[in-house]
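Order as written gives the chain letters A, B, C, D and E; numbering starts at 1 within each chain.
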Amino acid sequence: ADVKLGFITKFPVPFFATMENAAKAYAAANPGVEIIYGQGASATDVEGQIALIESMSTQGVQGIAITPVDPTVASALDKAIASGVKVVLMDNSIPGWDKAAALATTDNYNAGKIAGQYLKSVLSAGDTLGILEGVPGVPALDDRVKGMLEGLGGLTVEVVGRSGTNCTEELGISVAEDLLTANPDLKAIYAACGPPAAGAARAIKNAGIAPDKVVLVGFDFCCGEEEALTAGVEDATVAQFPAKMAELGVDALVRAISGEDVPSLIDSGAALVTLENMSDFK
Amino acid sequence: MKEGQVDARFRGGSPDMRKGAEKGHAAGLSVALTFLSAGPVIILIALVVILTFSVPNFFTPRNISNILAQIAVIAVVALGQHLVILTRGIDLSVGANLALATVLGALMYRVTDTAFVVMATMLLAGAAVGAVNGLVYVYGRLPHPFIITLATLSIARGLALELSIGHTTMRGMPATITVIGGGTSFAVPNSFFVVLAVAALMFVIARYMVWGRWIYAVGGQPDAARRMGIPVNQVIVSTYLISGLCCGVGAILLSGRTEAGSPLYGNLLELDTIAAVIIGGASFLGGRGHLGHALVGAVMIGVIRNALNLLNVNLYFQLIAIGVIIVMAVESDVLRNHLEARMRVKQAGTQG
Amino acid sequence: MKEGQVDARFRGGSPDMRKGAEKGHAAGLSVALTFLSAGPVIILIALVVILTFSVPNFFTPRNISNILAQIAVIAVVALGQHLVILTRGIDLSVGANLALATVLGALMYRVTDTAFVVMATMLLAGAAVGAVNGLVYVYGRLPHPFIITLATLSIARGLALELSIGHTTMRGMPATITVIGGGTSFAVPNSFFVVLAVAALMFVIARYMVWGRWIYAVGGQPDAARRMGIPVNQVIVSTYLISGLCCGVGAILLSGRTEAGSPLYGNLLELDTIAAVIIGGASFLGGRGHLGHALVGAVMIGVIRNALNLLNVNLYFQLIAIGVIIVMAVESDVLRNHLEARMRVKQAGTQG
Amino acid sequence: MTKPVLEVRSAHKRFGAVHALKGIGLMAYRGEVLALLGDNGAGKSTLIKCVSGVHELDEGDILIDGDKVLIHNPAAARSAGIETVYQDLALFDNLTPAENFYCGRELSFPRWLPRCARFLATRQMDSEAAAVIDRLKVKLPGFDAQVALMSGGQRQAIAVARAAVFARKVVILDEPTAALGLRESRKVLNLIAQLRDEGNAVILITHNMEHVVELADRAVVLRQGHKVGEIEKPNRSNQQDLVAMIVGAE
Amino acid sequence: MTKPVLEVRSAHKRFGAVHALKGIGLMAYRGEVLALLGDNGAGKSTLIKCVSGVHELDEGDILIDGDKVLIHNPAAARSAGIETVYQDLALFDNLTPAENFYCGRELSFPRWLPRCARFLATRQMDSEAAAVIDRLKVKLPGFDAQVALMSGGQRQAIAVARAAVFARKVVILDEPTAALGLRESRKVLNLIAQLRDEGNAVILITHNMEHVVELADRAVVLRQGHKVGEIEKPNRSNQQDLVAMIVGAE
């Protein structure tokens, strides 16, 4: 192969599996490109990603495309760059670190705004909103919440709950149940990732609340959200385009290695998914 | 730790011991003692009373029902974990085991929608991982079950991820399973009845069956058990098998509740279940402790989490609060134990 | 488990015991025995040899240097964990403790860039959490350290998250810390020298100082230690304190390596360090085991992970492979022990 | 002489570098008390642990009623009719005396189920254990207290009583009176006589010459893993020979 | 009579419902062996555990050299000059005999450091422990073997020797010869005599009347937590009285 690349994703959820598959498709379509893959074990596996960066450098890759799980993998990337490896970030940036050849991302903050704008369109001032956060401390997931709040754009809703779910369905159900118990007249729930959104849908169903009484907005369009949308319990979600993100990221990396100029920010975009346009996103 | 403490702990541990001294005597003391000797349960009751008055919506039928549904999985798996801990062991693999079982169940659902077959798959999967734990530990003559159950944690999680189609949540479960895991009867979650049934079965085994007696004997003094002709190896293997089976039951409950199987389920379940067992008042010493402890501990964890959610406590502060409350709960039980021991001395004194 | 095994374990555990029988005798046997009695180290060496021949790029100076840097944190924290395990305890809080220390260090860096102050902050933070563990456990008369260290796990993680609110990143560390945690000397990571220094210090304490002897005594027979006038409580508290201090050292190494602090660091470090201690051949029984064990175990874990990364094994399969390899490593050590015991009998036979 | 119910032939046992038994032979007959004597570390406990299945012999044979048997675990020994009171008692600290009594051989029902799946006949076990304890006139602080809290003597009494209940062929007692008071010692000695009269072969390990002289029909002396002598009908007059054998020519 | 070095006054101790000591008084004098007798469960071990700081008395006083002292932990007892050989020995299975000897009172240097931070004087401890073991003529399988693997007698010998080394005022021995062979028993008895001659008050708990008659200057008898009698100079002729006291009027 002409170029050997490393492709590192965060942790085992479908989103990153989709990215990996897209990269594999890219490699298959471009015979000169060889890609080796790595993945962290969990949403907080910083040390795992660092070890992957190091061992890929050891194996002599010319470039690494990575979805950094945490800003603090930067110094490992610095070392790789110092030894002549090109780096492309995907999914999210590393604030204050500008040595990447390019960043291919859905801006999570902007994507969160999309959800916020949707909520603004269906809620009125003074309504209650519960938030199911993702993994506490992970910037990309925090951005989704911050962006949503920004997207509400001046509409004053009352945030009656913010709990972490570790992006799991189990905790999503429990936390949503407790939200509904504490606030029987809850108007809306926003979940920062897919599994807890599906969990919240189930909690609403279990509580015997009519599907149209609570506005449920999720993120990721995965992991059971499709069924929830179909059933009418979930009202909307935000989809990213992981395959596109991966393809663009790897492509930018290959071009950067061959000396071409690449744009430093590549936005793969995000879009609002509702029952009506759902079929376009599968 | 302290020698004097041993007495108190033993007394706390064994319901049998209490009967001895309870005949006649100063009524007040006696009432207080009966109350105190109820063990960790009274800490739980105290907690519930406090929360009822301080947390709005806490003591409502709907919320109670929610709590019961939320703790069902932890409770069932903690019961199995307790058996393992009774034999001085530990089972770190429970969470991954449960995840693998739900994935296999979901795969089986793609083949057939007969609820029985899907349930059997999950139970078998759980038991199989448990059996591997027990067999490798005992016949591999490993120094401690920590290693093998840590290994199966890793292996089962890997397998579950590998097997789950698209490495993700797999939707769909037979209706019966959904009813068991997610339905309610008389406003009480069905899963709670499953917990009760498993607990009752375990209680009968532990208390009235030869095999249960052997578990206590093996936990109490493994060497002596061997010398008394108890099949120590088989007993130990059986506890891991049962723990695995409980993971299978937990898998049925969870996948019924979520109508799905997922390789990500059961994250950190090992810490939750061990904590439940220990909070409930069991001991790592082996051979000591009542199975009810595990239930009490699981309910306590569930109640605390639920109350913090109801109170809209900020996420990070929840982590801090859970830590503090758990220590306080255990510490109150320690103090309760001391109080009980002291009152017992006093009572004996009044009897002359 | 089996009674016969006890001998083998003791023999494996204590280097002191071996001296006794080693005088004169059939040369071949003797060589084989010396080799076997090196303990888990030979399993590690065997592993490295296998990997050198089967994994490209494995035995290169650069990769070895990487491995050493990767294991430094686990190794340092495992040393402290080992002390705790020697007294029959467990410290679940190490990962969260380390994370909190890095966050506090990063915050302190925003105040001053004096490396000494930042390092002192991290060490103090680590020691403080450790002291809380020890003090609450001992003076709260808790039945087992599991509860309190699980609670501080939760509390420290929550505090670390709470403190880092408003900082998108906690990047930036004084140059000295970056050099310690991330630099190399003679192509060897500086962090490795720190590990060696900590290990050497601990070794001297454990082997040559009164306090180390007391740790072994308390671990071996807590009751007897109390009767012999050893300040059991203080000794136990001190082990948790040291374990916390090791987390502080780990925090310096990690934040130096990443040039940042983060509340997410040290995830599951408790399982890794306990596994390192146990894989290295120590025992949960208390009072048994050489501190070198923890190092060997940490290196073994690091080597396995690194080799799987080099082989580009996918994550799911890595999880499976790590589980299998760890069990195999421990099992080989068990078999090595048996072989050693058998050869020793044979050797004694040839002597008449 | 009749056939020995238990015979050990040229038994060897090593623990690592320690050669604890160096070719020991032994015979025990029904209706007879055999005293096994020797100084500390002579190998007495090791020998009887091999017979009762705790250790396996490195070399040598064990014969029961003249047939070679393989005793590779304690269950095998117990089902071959060998009951043992261990020097360390092998009691379960977390169980009550009654539970200790029947541990490993619980009375249970229904019979057609495999052992481990049967229900405990708790009431029956309690009353039978109480009867035995009563017969031995041991005072316990409470019959449903855990054994952990009992005095050394009380614990020893429980262990001896347990073996007595199940005795069928051979009863081995490793220093059964070591921790006992005068009254309890007397009871145990009476019990040993009774076990002998019931036709058991009793092997008694003790350091108490009084007891040997009073009860033993034969005495075997071990020293440093060797059998150094055997005396028929020990009594006051040959007691000195015994002591000399035990202590060794000095 | 001289002043007692150790005095216990109306000691009471309860364990839950068990009233183990019911107002016991006791005096021990320097240069004298006091036998503490009583049947199993009489409260002997409880009494001496209270004196050596393992338990605290519920009521009653302990006086040393005539002064009331508070002994609330074993370290206090040891530094008040009370050495104890416990019935369960209190040995460290994971340490070698020499390490056991000095455990809690390690020889160490440099002196100006706080105790716990000093270095172990390993060589010196090894040689001194070896000398004591030698004097007691105990055979150990290897001087650097762990205590876990030693026979009951060997363990007991180590525990007794440990107390002997540090004896200063009062030495308490709870059934020290229970597990010992003839030779080792003799050595321990000689040691007791020696401790007495060195001016210690020795309190000996035993069930062996031979040893009482041979060594004791005075005997105190407990029964069910009460002190039921005291006999000066026990000998063959009043031995029967002692036995009657121990067993109780029946």
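We adopt the following convention: contacts are C-beta pairs under 8 Å (C-beta built on N, C-alpha and C of every residue); 3 or more make two chains touch, one makes a residue touch a chain.
Because the structure is predicted, anything quoted here is derived from the model rather than measured.
Looking at subunit B and subunit E, the chains that touch each of them are C, D.
With each centre defined as the average position of its C-alpha atoms, the distance from subunit B to subunit D rounds to 41 Å. Note: centroid distance subunit A to subunit C, computed from Cα atoms, is 35 Å. Between subunit C and subunit D, the centres computed from C-alpha atoms are 46 Å apart. Taking each chain's centre as the average of its CA atoms, subunit D and subunit E sit 29 Å apart. Along subunit E, residues 15, 17-18, 54, 142, 149 each make contact with two or more other chains.
Residues of subunit A found to touch two or more other chains are 12, 136. For subunit B, the set of residues touching two or more other chains reads 3, 7, 20, 161, 167, 223, 226, 315-316, 318. Under the touch rule stated earlier, the contacting chain pairs are A-B, A-C, B-C, B-D, B-E, C-D, C-E, D-E.
Residues of subunit A that touch subunit C in their complex: 12, 36-42, 44-47, 50-52, 54-56, 58-60, 69-76, 79, 94-97, 136-139. Listing the residues of subunit E that touch subunit C in their complex gives 52-54, 73-75, 78-79, 84, 86, 90-96, 99, 103-106, 108, 115-120, 122, 142, 144-146, 148-149. Residues 56-57, 60, 62-63, 66, 69-70, 73, 161, 164, 168-171, 178, 182, 254, 257-265, 267-268, 305-306, 309-310, 312, 314-316, 319 of subunit C are the ones that touch subunit A when the two sit in their complex. The residues of subunit D lying in touch with subunit C in their complex are 14-19, 54-56, 58.
Residues of subunit B touching subunit E in their complex: 3-4, 7, 11, 20-21, 341, 344-345, 347-349.
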